[in-house]
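Listed next: structures, encoded as structure tokens.
One chain, chain A, links the two complexes that follow: it is found with chain B in the first and with chain C in the second.
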Partner chain A sequence: MNLAASSFGAAVSIGALTAIIGALATARSRSTLVGIGTATTGVAALLAGGAALTGESFSLAAPGLLPLSGVSLTLDALGALFVAVTGGVAVACGVYGVSYARHGLDSRLVQAVFPLFVVAMLLVPVASSVGTLLVFWELMALTSLLLVLAEHRRRPAVASAARWYAVMTHLGFVTILSGLLVFAAHAPGDDFAALREAEVSPSVAALVFLLTLAGFASKAGILPLHAWLPRAHPEAPSHVSALMSAAMVNLGVYGIVRVGFDLLGGGPRWWWLLVLALGAVSAVYGILQAAMSTDLKRLLGFSTTENLGLVLIGVGAAGLFAAFGDRVLSGLALAAALLHVLNHAAFKSLLFLAAGSVLHATGTRDLDELGGLRAGMPVTTAAFGWGALAASALPPGTAFVSEWLLLQALIHGLPADGGADAIVMPVAVAAVALTAGLAVATFVKAFGVGFLAKPRGEAAARAHESPPTMLAGMGLAGLACAVLALAPTLVLPAVGAASGVALGGEASAVTGTVTIRLAGVAGSLSPLMITLGLLVAAVVSLGVLRAVAARRARRTARLWDCGGGPLSARMEYTATSFAEPLQRVFDDVLAPEQDVDVDHFEESRYLVRAVAYRRAVPDRVERRLYQPVLAAVAAWGRAGTRLATGSVHRYLGYGFYTLCGLLILLAVTR
Partner chain B sequence: MNETLFTQLVDLTAGAMLLTAVLILWRRELAVIVRVFALQGLALAGLVAVLAAHEDSGELWAIAVGIGVLRAGVLPYLLRRALAVAARRETAPLVNVAASLLAAAVLMMLAYVVSAPLVSLAPSPATRAIPVGVAVVLIGFFVLVTRRRALSQVVGFLLLDNGITAVGFLTTAGIDLAVEIGVSLDVLLAVLVLQLLTTRMREAFGDTDLDGLRELRD
Partner chain C sequence: MTLLGLIGGVIQPVLIVGGAPLLVGVLRQVRARLEGRVGPGVLQPWRDLRKLVGKEAITPRGTSELFRVAPLVLVATTLVVAVVAPFVTTASAADPVADLFAVVALLALGTAVLALAAIDTGTAFGGMGASREMTILALVEPTLLVAIFALSVPVGSTSLAAIVSSTLNDPARVVSPVSLLAAVALVVVIVAETGRLPVDNPATHLELTMVHEAMTLEYAGPDLALVELASAMRLTVFLGLFANLFAPWGIATSAAPLALLVGVLALVVKIAVLGALLAAAEVFLAKLRLFRVPELLAGSFLLSLLAVSASFFLA
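The block that comes next holds the complex of A and B.
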């Protein structure tokens, strides 16, 4: 038994044990024990993933464990990457949960389900048969649903969010189920080895791909199946949001890569054009909605849609290049996508944990009521700032490296071929660039309005720093961000190995120790050097400024305030006002609803008593796409009540007549 | 036991089941219905006992005894207890008695037609009685649909279950003991719950005409 197998076994058994402890331990010790247990599970999973990424692997088949299909597990490099990511996020969230869960989240159910959720997410990328994958996928959906519901007694919005999540995740499950079952029906067996060998006709393969794509994309929060994400992520407890947003949505990407590349062996161009287009639309639309959002966690949720969209751009581009036969570029694009998965997991868990800390201190997620948190919560502010920098794709942030790799792959793909490719690649480059720009604006808004300036509400003024274990959880996530930002070369071989599994074993697309060099195409980048350069530039310019300023006489004076009295929090930019110019620019896309009510004095029309301004940016995709469907379902349901008159005899009669009708049909047609 | 005797006994017990099912459809006195139902339980137990003697299987004998106790003893007893507090007569069924009997004839023909392929799979005296079991199922369902009193509906449900059990034994000549015990316990539980509900309904509404429950929906 090698390291990968033993540590994976340890991860699963510690997780299961922690779930039992969570159900049995006393209320006082529960959250501590579960937090430590979950973190240990994460460490073991990290070890297992790391060992498997360096070449070890293991397989396990237990045909008797589940009825019908049994359980079969295989840990290869592709799955190991996702196991390691989930493990890493679980470490940070487990440590964070020790004290975060004390405040109303320490019920037996929540504490028992939390480690189970982590275990389910660890098992999904390791499953190596259709039945096993579906069982663990469903386990993951159910446990996450229970966790989303954790605070349903406190806020009525939780129940509605959970309903959306439950319906959409199960519809996704149904499409994945039908896709994989169709696939397995055309193969000699239902384990992945048999599926790889299967000779399926192109139309069946396309059907399988489209069905599974719909299910996996909905889990990844990709448009137009994203509607659950901005609802469920804000309403879940923050460490659960972090797990969902940084680990669970990744498994959607895993599913697309596993089925599309590994099992179906690539495919025609249009599959990957579709994936790329979905990714590009999700990236731009997600970040636009995030820029408009005033709810901190909703903003982060939409940013998840954006980042997963970027990942899908990479996956789509990789598929497209592979379909053209360009193995170098396809390896590069997939490596960029997988590296972005890693980076996104790191900074999104940091951001969600910091948002949880804010929620813990102030009780509100509304950016318009926050502000001035820097004084009360310096560590949380620093953590969120570091996460925001990482998310906005600027050096020395983490997302910069992966987005740079992605852009390199897309730009070098330009002259590959005429036709669709020549149009798609520039558009994709533009989408990535636009997304990156909007991301900067979004996170400047979130950080500047939420944490700097003066407090705009009573709660924000009384904010206090969180307990040490929560800070430690954020610190771990922040450390991961720093490592990924400064030394991406440490993880790039692992990412290369993972993409090698998907695309069929080839050398890593990226080489180098300090400087990243692209293999096969021109291009190099050294994040460490850029960071050092930026630091030197910052120190020098500050020094020069200070030296220049010291020479002049200094005068301290009040800030100019138009003569309107001392500056107050009411004069600051709010999240709404900060986003207003962007809202104007993207007016046609967002279709915001604005309402200005001017109230006059009785005496004169020229004297204004009050001006009320209301703005709402509804999700347009949701309104156009979901509401007709929901209306149709509701109408169908109302029509159904005519059948249900309340008479028991009538209900029984339905069954009787159907049975007799069926029997007569059988007798006649046989 | 020789083949002729076995065939005759199977036909006799299966015929008794069918006859009792039709009798339940015909009679309106609830007390009589319960008594006839107990007779049918006895016939079913007899059918299983004949199979047991033919197969010479101790397990089947045990099941036969169990079925006899449950369906000819316990269930009729429970029904009679519910009867003590409920109305005495099935008034105004949704389909009158004459039409019910005609419908039963049609259902029987349907049962014969649809179970013909089953019989032809493995023709034997036991499988030739399958149509009777199917007919009992359909008649039980018919009782469930057309009778108004809660008690006669319970009898309809039990008739349905008797038919299913008979078909099960006739096709496989031996359901697993554990399965049979599980099913029997289910039926017992269902009857207990229904009895409870009947009593509560009578207390709440003074009647057990199920059509009176129409207002309860939504």
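The block that comes next holds the complex of A and C.
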């Protein structure tokens, strides 16, 4: 038994044991034990993933464990990357949960389900047969649903969010189920090895791909199947949001890569054009909605849609290049996509944990009521700032590196035939670029309005720093961000190995130690040198300034108030007003609803008593796409009630006529 | 790292730090003369900086460390670009940093940090300036990146040195539709990014129209000197990049003293001419309404997208 197998086994058994402890332990020790257990599970999973990424792998088949198909597990490099990401996120969330869960989240149910959710997410990328994958997928959906529901007694919105999540995740499950069953029906068995060997006709392959794509994309929060994400992520407890947003959504990408590349062996160009287009639309729409959002966690949720959209741009480009036969570029694009998965996991867990810390301290997620947190919660402020820098794709943040790689792949994607590529690649670059620009504005808003300036509300003014274990959880995630930002070359071989499995044993597309060098195409970047350069430049400028500036002490002074007396927090820009210019610019896309009520004094119309301003930016896709469907379903339901009036005679009549009809049918067809 | 790159890495920042206030002086002087005024002279920005540096530093009440660090970050980002980008020499002191995306991202980092500092003051002016600047940045970024994309597709690399060298070797490329479209798009972007007319008026202190000035309203003394120097340097860097992307002639390709001298002179002349043109154009332009600016930027975005499509089709 090698290291990968033993540590994976340890991860799963510790996770299961933690779940039992969570169900049995006393209320006082529960959250500590579960937190430690989950973090240990995460460490073991990280070890297993790391070992598998450096070449070890294992397979396990237990035919008797589940009826019909049995359980079969295989840990290869592609799955190992996702196991490692989930493990890493679980460590941070587990440590964070020790004290975070003390505040109303330490019920037996929540504490038992939390480690189970982690275990389910670890098992999904390791499943190597259709039956096993579906079982673990459903286990993941159910456990996460229970965790989303954790706070349903406190806020009525939780129940509604959970309903959306339950329906959408199960519809997704149905499409994945039908897709994979169709696939398995055309193969000698339901094992992945059998599926790889299967000879399927192009139309069946396309059907399988489309069905699974719908299910996996919905899990990844990709448009237009994203509607659950901005609901469920804000309403779940923050460490669960972090797990969902940084680990669970990745498995949607895993599914697309596994089925599309590994099992179906690539495919025609239009598959990947579709994936790329979905990614581009999701990226731009997601960040636009995030830019408008004033709910901190909803903003982060939409940012997940954006980042997974960027990942899908990479995946789509990889498929497109593979279809053209360009192995180098396709390897590069997939490596960029997978690196972005890694980076997104690191900074999004950091951001969600910091947002949870804010929620814990102030009780509100509304940016318009926050502000000034830097005084009360300096560590959380620093953590969120570091995460925001990473998320806005600016150096020395993490996302900058993966977006740079992604853009390099797109730029070198010279058309093999000058056809669709010549239009797709520029549009894809434009989408990535627009996303990058809007992300900067979004995260300047989130960090600036939320944490800097003066407190806008009572709660924000009384904010206090979180307990040490929560800070430690954030610290771990922040450390991961720093490592990924400054030394991405440490993980790039692993990412290359994972993309090699998907694309069929390609050598690593990216090399280098301090400097990232692209193999096969020109391009190099050194995040470490950029950071060092910035530091040196700042120190030199400071030194020169100190040398020439007058040696006079710093003096504090009043802010410029136009001579109108002290400034109050009501005069500050809020998140809503900060985003207003962008809202105007993208008016046609967002279709915001605004309402200004001016209340006058009775004496004169020129004297204003009060002005009320209301703004809502509804999710337009949801309104156009979901509302009609929901309305139709409701209409069907109402039509159905006319059949069921409550009269027993009528029901007996239905039975009688149905039986007669059936007999006649049988008589006629015989 | 070559000798040429090393020399460039020393000459360029010195030249840009020393010359940036002079460029602002030239711009103001040209405007003054065209408007029939005498003007304060080219050296006035340097005199202003000297005066500001001699004053005591002031921390407005209620601001945090970020507010104090922001001017340094702003200068540092621009300084890094000044060191690595090919202004005087084609070789770069740190090639893995002299990537077009990295340079654009570094400059955007400076803007973002200054916007955060503006929000940090908690005044309405600060928030307003930050909000407007971020809106403009969000719209400028895509144009800038797509225009860069258009320029790098024919070269097959986003390395600045590679693009400049390849234009030197193939001068005909400058008049190709790709370059021309990208050039027009970049002009609009540079005007927006450096806060010149018609996007922002650098000479205004009227709250309805301020963008950049609103963000820096609370700075005083040495901090203000850094901010002023940094914005002058950004203008110089953008003009220098523009000049060398489309007309790299004169740039030093070897470490010979004469070549370096020609490189320095060529850069000075190119930036001065571009600056004078910019100032002359500003005399005839009025500031656009803030909400008409996105239309201008959307237009330049379209041009850059056309440039990319052209570069693919003509490749």
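Annotations
Everything below uses one rule, namely that the second predicted complex is superposed on the first by the 630 of 670 C-alpha atoms of A that agree within 3 Å, B and C clash if a C-alpha of one lies under 4 Å from a C-alpha of the other, contacts with A are read in each partner's own complex, and residues count from 1 in each chain.
The rule is simple: contacts are C-beta pairs under 8 Å (C-beta built on N, C-alpha and C of every residue); 3 or more make two chains touch, one makes a residue touch a chain.
Just so it is clear, the model here is predicted, and its values are computed rather than measured.
In the superposition on chain A, A:Leu652 makes contact with chain B only, not with chain C. Residue by residue along chain A, chain B and chain C are tallied for touches, and C comes out ahead.
Once the two complexes are laid over each other on the shared chain, residue contacts for A:Glu235 go to neither chain B nor chain C. Looking at the shared chain after the overlay, A:Asp106 reaches neither chain B nor chain C. Once the two complexes are laid over each other on the shared chain, residue contacts for A:Asp326 go to neither chain B nor chain C.
In the superposition on chain A, A:Val429 makes contact with chain C only, not with chain B. Legend: residue contacts after superposition of the two complexes on their common chain; A:Leu394 is shown touching chain C, with no touch to chain B. By the touch rule above, chain B contacts chain A in their complex via residues 94, 107, 110, 113-114, 117, 138, 141-142, 144-146, 148, 210-211, 213-218.
Looking at the complex, you find that chain A touches chain B at residues 641, 644-649, 652-653, 655-656, 659-660, 663-664, 666-667, 670.
Those residues of chain C that touch chain A in the complex are listed here as 53-62, 64, 66, 72-73, 75-77, 79-80, 83-84, 94-97, 99, 101-102, 105-106, 108-109, 112, 115-116, 119-128, 130-132, 134-135, 137-146, 149, 152-153, 156-159, 162, 217-218, 220, 222, 225-226, 290-291, 294, 301, 305, 308-309, 312-313, 315. Those residues of chain A whose C-beta lies close enough to touch chain C in the complex are 291, 371-372, 374-375, 392-395, 400, 404, 407-408, 410-412, 414-415, 418, 421-423, 425-427, 429-430, 432-434, 436-438, 440-441, 444-445, 447-449, 452-454, 514-516, 521-526, 529-530, 533-535, 537-538, 540-542, 545, 548-550, 552-561, 567, 569, 571-573, 577-582, 584-585.
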